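These are the structures in question, set out in turn.
Each of the next two complexes has chain A plus one more chain, namely chain B in the first and chain C in the second.
Take a look at the complex of A and B:
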């Protein structure tokens, strides 16, 4: 078979896999006269469920984006535009919250701020009883606050990258023309970084829309949670699928917006001195310290102390032994997924580099679309698809479905990492090899693959960690009896057993930190891009 | 020795491996149980069954919805023999999809009271849990409490903690209220609860902790959550049995049925009979601090300490399933989160 045709078929196959859940959810609309579908449509449109879910979702996305945006902006300003002494350390510290999956941060805050928690009891007894009696952890404000803590690094990274693009001469010119630092900031810097603000907002919105674990801990009803519950409590895959259409459509739109928003999200952390727009007075220094103290207390001190307190209250040996046992299963699942996804990515890179036409290259980014779709929706789409096959979702078939789910969601993680490294290899490398009479595949294995070894390892680890952190897909599609750290954590938090949830959460955070180290500190890829 | 005897000896020697094999086959016979119950709650009792009968139990655990969906998809090819799950609502769904076999077992009919089994014998309750009122002993006197309906009255404003309406336990409770009070009155009651709610929590443990901490004075919970909580902590909490002068306390079950497509129906039925008998009932209920379904089996000392109560035995739990959707819509209509 001609290599070009093989490349075409391979790309078509990957796109087909990605399309399975999407087309199956959309396809249900065709069979609108099916009595079960009719019943589902009646249920969804008779009740005001769409309105409630829509309002809740929009409100949460907006509030989280605004809060995370403000935090990210303050952080980037401190690091890049002031003479604050420790800004280089802060540039690492500010991205660390990404090590928490949202559901971990959510359960720490939900448990830690619940009425009967030690913290709230202390606050009620020693401070304002009224204020802390009516405190509501399920309110949109609190949920958005916790989500913003976890997601502000997206804004931080994008703003850092944006300010990097500001030419110091423009600032100098503005200042020479008599603009104060404040007016330079508001009239020059902020308008300049708008495209990055826009891009970061899309990323954060996608994360909020995709979240299932966090909102389920808080009992805050959004589409992803309603989809899961319709399937689980109403036993209706039809209602679940129907409700899925909303987040599915939004996810697809967001994906194309991300493709369009071609701003750079890489920034130099160490090489470049900041543009010192603001020289901090001692009062301003004090305020900065106060902000840092509050921020780091919220993202590190409180979560870590709370987890540790619960951990000590848990059945220690049972908790540690149980979690380590789960870790083995979870790692096995992750490695299997990594093998599949990374080898798929390597082949795609090969075909992309040597055998694809320009049109095919244009289609390639579509394989990444699943990353913008919530795991719950992908899982329901796959469940819906299994009806066509007529095989039960158990045992080996369930495992295959789960791996398909991971493929749809996380192919982008491995492919983009390898693609970035591949792009850095100059095309002259290919021409040189070809002119020496080497055929594409041997050339790829002898030269390119060797250069890709680091990134392949990094991409594999990233996929493993994503699988370990992943919740809704695993929860819905896992074979019977298979539990991961995340699903066990979910079971514990669903029953309010915070103590038992602590150790699995600590393991997940540790793995999250590892993934951050690889993804952001550029291990294996040799760059500092986000 | 006669040639015939020689022949017989040789024949039996030759056949002996087959006997051994056959005996092994009997011993190795297995039942596959699809279970939505937590593994640690059933593992020991299943092992005991294996020790007693030699029948091994293969457990496949999952969420009720996933297990039922799987049974449906597997159809006649399924390896499952028994479906075990919590809440009659879930069992009702399985019967609606025609997945369970009707059994006519004298033992089961004697051991399991009529309102705790499906009338055609397609599922049987195996342990009972009551959904009742828990109160803060520092703030409420038992004489202040009377019925589920009373929690909707003005005197409880801001004093009630609820669990989310998304949980099937509450859906069954509201289904019971619809059955007993009619839809209109049930709606008024549930709307009153929501109005009086200080907070709606995602699980019963949190409701109990909030009641103990004083965020609210009363909460509606499943009994065993209190049992579990008080094992580790000393809290000012007690249970109250409502509606003792009317229909009684709402009870639900964890229960099981034999899978219609099972290839070992007889063996599966024996297994259910064993589970409903004295010996198993004690452990089955005790392990999760539930009540035995078999009226001849005494309660554990922990549950007995909660006192005796009149359960609602006029409400056949099949109705909980039938009315579940109505209950969900009713709760949505009064903004019960």
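Take a look at the complex of A and C:
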């Protein structure tokens, strides 16, 4: 078979896998006369469920985005535009909250601010009893605050990258044209970083829309939670599938917006000179320290102390042994997924590099679309698809469904990491090899793959960690009796057993830190292949 | 009377002394050129005059006023950089109007006047990325002039252009600043450029 045709078929196969949940959910619209679908449509449209879920979701997305945006902007400004002494440390410290999956941060705050928690008991005894008796952790403000703590690093990273591209001479020009530091910031810098603001807002919105575990812990009704509950409590796959259409559509739109934002945010780079737009007075230094103290207390001090306190109160040996046992199962699942996803990515990189036409290359980014879709929706889409096969979702078939779900959700994680490294390899490498008489596949295995070994390892670890952290897909599609760290954590938090949830949470955070180390701090990015 | 006076200026980067009792003076309307090899401190001197760097001691006077302690935005000094430093996310008109502090209608009139002066009146709505190198430099000059500075500093402003364009733009700028009677200091590493453009040359 012609290599080009093989490349085309391989890409078509990957796109088919990604399309399974999406097309099956959209397929309901065609199958509208099915009695079960009719019943679901009547139920959804006769109640005010769509309106309530819509309002809740929009409000949460907006509030979280605004709060996270403000935090990220302040952080990037301190690091990049002031003479604050510890900027270098802060540039790492501000990214660290990404190690928390939102549901972990959510359960710490939900438990930590519950009526019987040590903190609330202390506050009731020493401060306003009334205020701390009626404190509602499920309010949109509190949920958005916790989400913003976990998601502000996205804004921080985008703003850092944006300010990096500000030419220091623009600032000189603005100042010499009569603009004060403040006016230069508001009239020059902020308008310049708008494309990054849009891109970060889209990323954060996708994260909030995709979240299931966090809103579930707080009991805050959004589409993802309603989809899950329709399936679990109402036993109605049809209602779940129908409700899924809203987040599915939003996810697809967001995916294309992210692709577009990438293009819009490309300005030319300049050699970096430090830009000290604001020289901090002692009062400003004091305010900066106050901000840092509050921020780091919220993202590290309080969560870590609370987790540690619960951990000490748990049945230590049972908790540690149980969690490690679960970690082994979870790791097995993660390794299996990594093997499939990373192999698929390597083959796709090979075909992309040697055999694809420009048209096929344009279709390739579509394999990443699953990352913009909530896990709950992907799971329901796959369950919906199994109706056509007519096999009950259990045992080996359930495992296959689960792996398909991981593929749809996380193929982007492995493919994008390898693609980035592959792009760093000059085409002259291919031309040199081919001119020396090597055929594409042997050339790829002898040269490219060897250069990709670091990124392949990094991508595998990232996939394993994503699988370990993943909650809704695993919760819905896992074979009977199979648990992961995340699903067990979910069960503990659903029953209010904060103490027992502490150790699995600590393990997940540690793995999140590892993933962060690889993904953001450059380890395994394949510089050796440059 | 001097429009620009740099007197007994001392400046060093750490232990590396760049200027020791340095003196420079330009009369109103005079065009000076600061000539020297790379690393001799030409650009640092411009940064000192603009206020982006602060001297250890000495005085900088503009129009007779001591501006040594003033921040850059209060000195009223226009600078044109080698890479023109146009703001890429703003249109040509927005760039030219960035330093203009007048009500809207008056502002538009000023922007148009300076765009005409640099022969680019029809490019107001364009973005900098749509302009050629020479056009960008003209816009950068229009942006400076529109803010009505007391002195104009040109930091290797013609260096990035090709020979033909450089000569053409140099003549145009010379004509514009001569008509405006603007005190100007050109930083360059080219002796030819210094000779043909300026009334006086300062060697560093």
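Convention: the second predicted complex is superposed on the first by the 513 of 530 C-alpha atoms of A that agree within 3 Å, B and C clash if a C-alpha of one lies under 4 Å from a C-alpha of the other, contacts with A are read in each partner's own complex, and residues count from 1 in each chain.
Just so it is clear, contacts are C-beta pairs under 8 Å (C-beta built on N, C-alpha and C of every residue); 3 or more make two chains touch, one makes a residue touch a chain.
Keep in mind that this is a model prediction, so the values were computed, not measured.
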{"item": "Chain A as common anchor, with chain B and chain C clashing or fitting", "value": "fit"}
{"item": "First, second, both or neither for A:188, with chain B first and chain C second", "value": "second"}
{"item": "Chain B versus chain C as contact partner of A:169, first or second or both or neither", "value": "second"}
{"item": "Contacts of A:481 with chain B and chain C, given as first, second, both or neither", "value": "first"}
{"item": "Partner chain(s) touched by A:49 [first = chain B, second = chain C, both, neither]", "value": "first"}
{"item": "Partner chain in contact with A:281 - chain B first, chain C second, else both or neither", "value": "neither"}
{"item": "Which of chain B and chain C A:232 touches, first, second, both or neither", "value": "first"}
{"item": "Vertex chain A; arms to chain B and chain C (CA centroids, nearest 10 degrees)", "value": "160"}
{"item": "Partner with the higher number of touched chain A residues, chain C or chain B", "value": "B"}
{"item": "Chain B versus chain C as contact partner of A:177, first or second or both or neither", "value": "second"}
{"item": "Shortest span in Å between Cα atoms of chain B and of chain C, once chain A is used as the common reference", "value": "47"}
{"item": "Contacts on chain A seen with chain B and repeated with chain C across the two complexes", "value": "none"}
{"item": "In the complex, chain C residues that touch chain A", "value": "47, 50-52, 71-79, 81, 83, 85, 87-90, 98-99, 101, 140, 143-144, 147, 149"}
{"item": "Contact set on chain A toward chain B in their complex", "value": "47-49, 114-116, 121, 133, 136, 138, 216-219, 221, 229, 231-235, 237, 383, 386-387, 390-394, 476, 480-481, 494-497"}
{"item": "Footprint of chain C on chain A - complex, ascending", "value": "167, 169-170, 172-180, 183, 187-188, 191-192, 194, 267-268, 270"}
{"item": "Chain B - residues contacting chain A, complex", "value": "34, 39, 59-71, 73-74, 77-78, 93, 164, 166-168, 171, 199-206, 209-210, 212-213, 215, 325, 328-329, 332-333, 337"}
